[in-house]
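Next come two complexes built around chain A: one with chain B, the other with chain C.
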Partner chain A sequence: MIKIALITCIVFAPLGAQEIKLPPNLDRLAAKATEVVDVTMDANLLQLASRFLSDKDPDDAHVKKIVGGLKGIYVRSFEFEKPGEYQESDIDSVRTQLHTPAWSRIVGVRSLKSGENSEVYLKTENGKIGGLAILVTEPKQLTIVSIEGTIDPDQLNELGGHFGIPKVDTRKETGHGKDQ
Partner chain B sequence: MGKTSKMKATLILASVWMLSCVAMQGAERGFDDVVRAISEQFHTRPLHIPFFGLVSFAAAVAHPAGVKHLDLAVFQDLNLGDHWSRDLAQAIRMADGGWEPFVRVHRPAETVLVYITQERSDCKLLVVTVETGEVTVVELKLNPEAMQVWLQAPDAEAVRNVSR
Partner chain C sequence: MEDFERQLKYALARKPEPPAFEAKALAAIAAAKPERRMLWRWDALAASVLIAAGLWAQHQHGLSERAAGEAAKARLELALKITVTELSKIQKTVRTSTEDE
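Take a look at the complex of A and B:
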């Protein structure tokens, strides 16, 4: 099962700057949520942040290299007190954007036991990777991550745990072949 | 030690002291702009915190938890109104310190906003906590190690910082 550390974030930056346009109704969900978290890192902030990653620490150095190809990281997460506070229709417009030819779903994991549904989408432009999106729905939690720029899906494992991005082990999950 | 050497040492010490004071004033000016902007936006003034200058000086010398500089302002008994979020963001923008919104954590009784900006080779964070009728503003200048901790889990750090 994909383990997602909960991030609750609200982004102040103009949503138009993001690759995935977050629907306005997500703001309405904030009123029902017990915790909302938004992390916004545009290219300037990423550049600034990467200066604080150590070149000596192998993990940090690797992350620094990955960040060099990114244009932005946006995380928005909602945590609710009880199930049923949000509907699938609330994120329909996000899914619609991800179901266009530019995007391909590369990982999908659904757990009947916990009700968790995790999906990773990859955007390709002219044969090059242009972005990555993670959508995680749980009965009491909703997380949307948008990563803009050049990133290999395998690099997501290294990037997880930095900049508020949840840890997503795509290699492990795809390796088990739960859902492709 | 001769008289000339003593004078030289005194001059050097005085110069170092003055330079550090100028540097601290520079950092405070940016923070003062934020405080002034919030004061004007919400028609209030921050509480006077006795001896906070000493705390700030201790932070500048000892760097506790990687904090190289610390400033704090507390506004109480505020009538924030329905659009406080927009008004607060506008006040911080008006302060013109190059503050970029970075993290926002919202809970029913508390909202934590974190802004980030660069000052030469350092990074400064502005942590704004909003509770019922109260706004607390903390400016932190962090060393690289402390900054790395923030970058690992910015939301968790934002909440933890407020809980301290």
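Take a look at the complex of A and C:
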């Protein structure tokens, strides 16, 4: 049985929070991993990619709209052959950066059965979303996503079904007061 | 003074050209023409080479920029794919647990 803890909080945080800095020790994990995804895109690279997104293609145009407000996208994903190849302490510094007033943890999912722990954080600036961070730890997988800039999670959801992205079920939650 | 004036007048007086002067001058011009023509040819060749090199460099720059742009686009799509996939998984887990409860 899955035990889930959901934490919802809205914090109108002070401004001036810096972007999430991914610790260099993550690179060390790459040597142990069977699969590694390392995407680092700053504003310049995003701008370059954006120039190659067509305005005529609806999918490209949608992505272009999302990218327009972004300052950076950073993804580190590691898949290991067996459990125990990484420690929680490896991502402590990421969590520490997210435990600042600027960031709000909007979803926390912990499964004792599968050992999966997922967290979604949002950064608010002037009442608007200024960043999104996702931490997913599984026994054999670790994924960190950090997106800087103005982002609308609904726009991300709309990407489902395109570019090989699974279609997101956007049925509305009812009751329970849980946010996603 | 008169002597000086006479000398000056003599010096400035129009003298008939030496015999065959015209023929010599025309021969000299004719001899110089092929060289000048060759020079023009070299200039044109150098200009063509420069233009070709410029076009090639521009083409190469365009190719490398296109490759970099396409790579950036692919990375962007991969990053968005991972992001949406993880959000989708989390959403699904939350929904499942909500329905269980």
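Going forward, the second predicted complex is superposed on the first by the 134 of 180 C-alpha atoms of A that agree within 3 Å, B and C clash if a C-alpha of one lies under 4 Å from a C-alpha of the other, contacts with A are read in each partner's own complex, and residues count from 1 in each chain.
The definition used in the following text is that contacts are C-beta pairs under 8 Å (C-beta built on N, C-alpha and C of every residue); 3 or more make two chains touch, one makes a residue touch a chain.
All figures in this text were calculated on a predicted structure; none of them were measured in a lab.
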- request: Check whether A:Glu35 is in contact with chain B, with chain C, with both or with neither, and answer first, second, both or neither.
  value: first
- request: Have a look at where A:Leu48 lands relative to chain B and chain C in the superposition and call it first, second, both or neither.
  value: both
- request: Using the touch definition from the top, say if A:Ser111 reaches chain B (first), chain C (second), both or neither.
  value: second
Task: In the overlay, work out which of chain B or chain C sits against more residues of chain A.
output: C
Task: Kindly classify A:Leu156 by the partners it touches after superposition: chain B alone (first), chain C alone (second), both, or neither?
output: second
- request: Touching chain B in one complex and chain C in the other: list those residues of chain A.
  value: 37, 39, 41, 45, 48-49, 51-53, 163-164
Residues of chain C defined as touching chain A within the complex: 66, 68-70, 72-73, 75-98, 100-101
- line: Residue set of chain A touching chain B in the complex reads 5, 7-13, 30, 33-42, 44-45, 48-49, 51-54, 60, 161-164
Query: Which residues of chain B touch chain A in the complex?
result: 89, 100-108, 113, 116, 118, 123, 144, 147-148, 151-155
Message: For a test of understanding, state which residues of chain A touch chain C in their complex under the given definition.
response: 1-2, 4, 6, 37, 39, 41, 45-46, 48-49, 51-53, 63, 66-67, 73, 75, 77, 107, 109, 111, 116, 118, 120, 132, 134, 136, 143, 145, 147, 153, 156-157, 159-160, 163-166, 168-169, 171, 173, 176, 178, 180
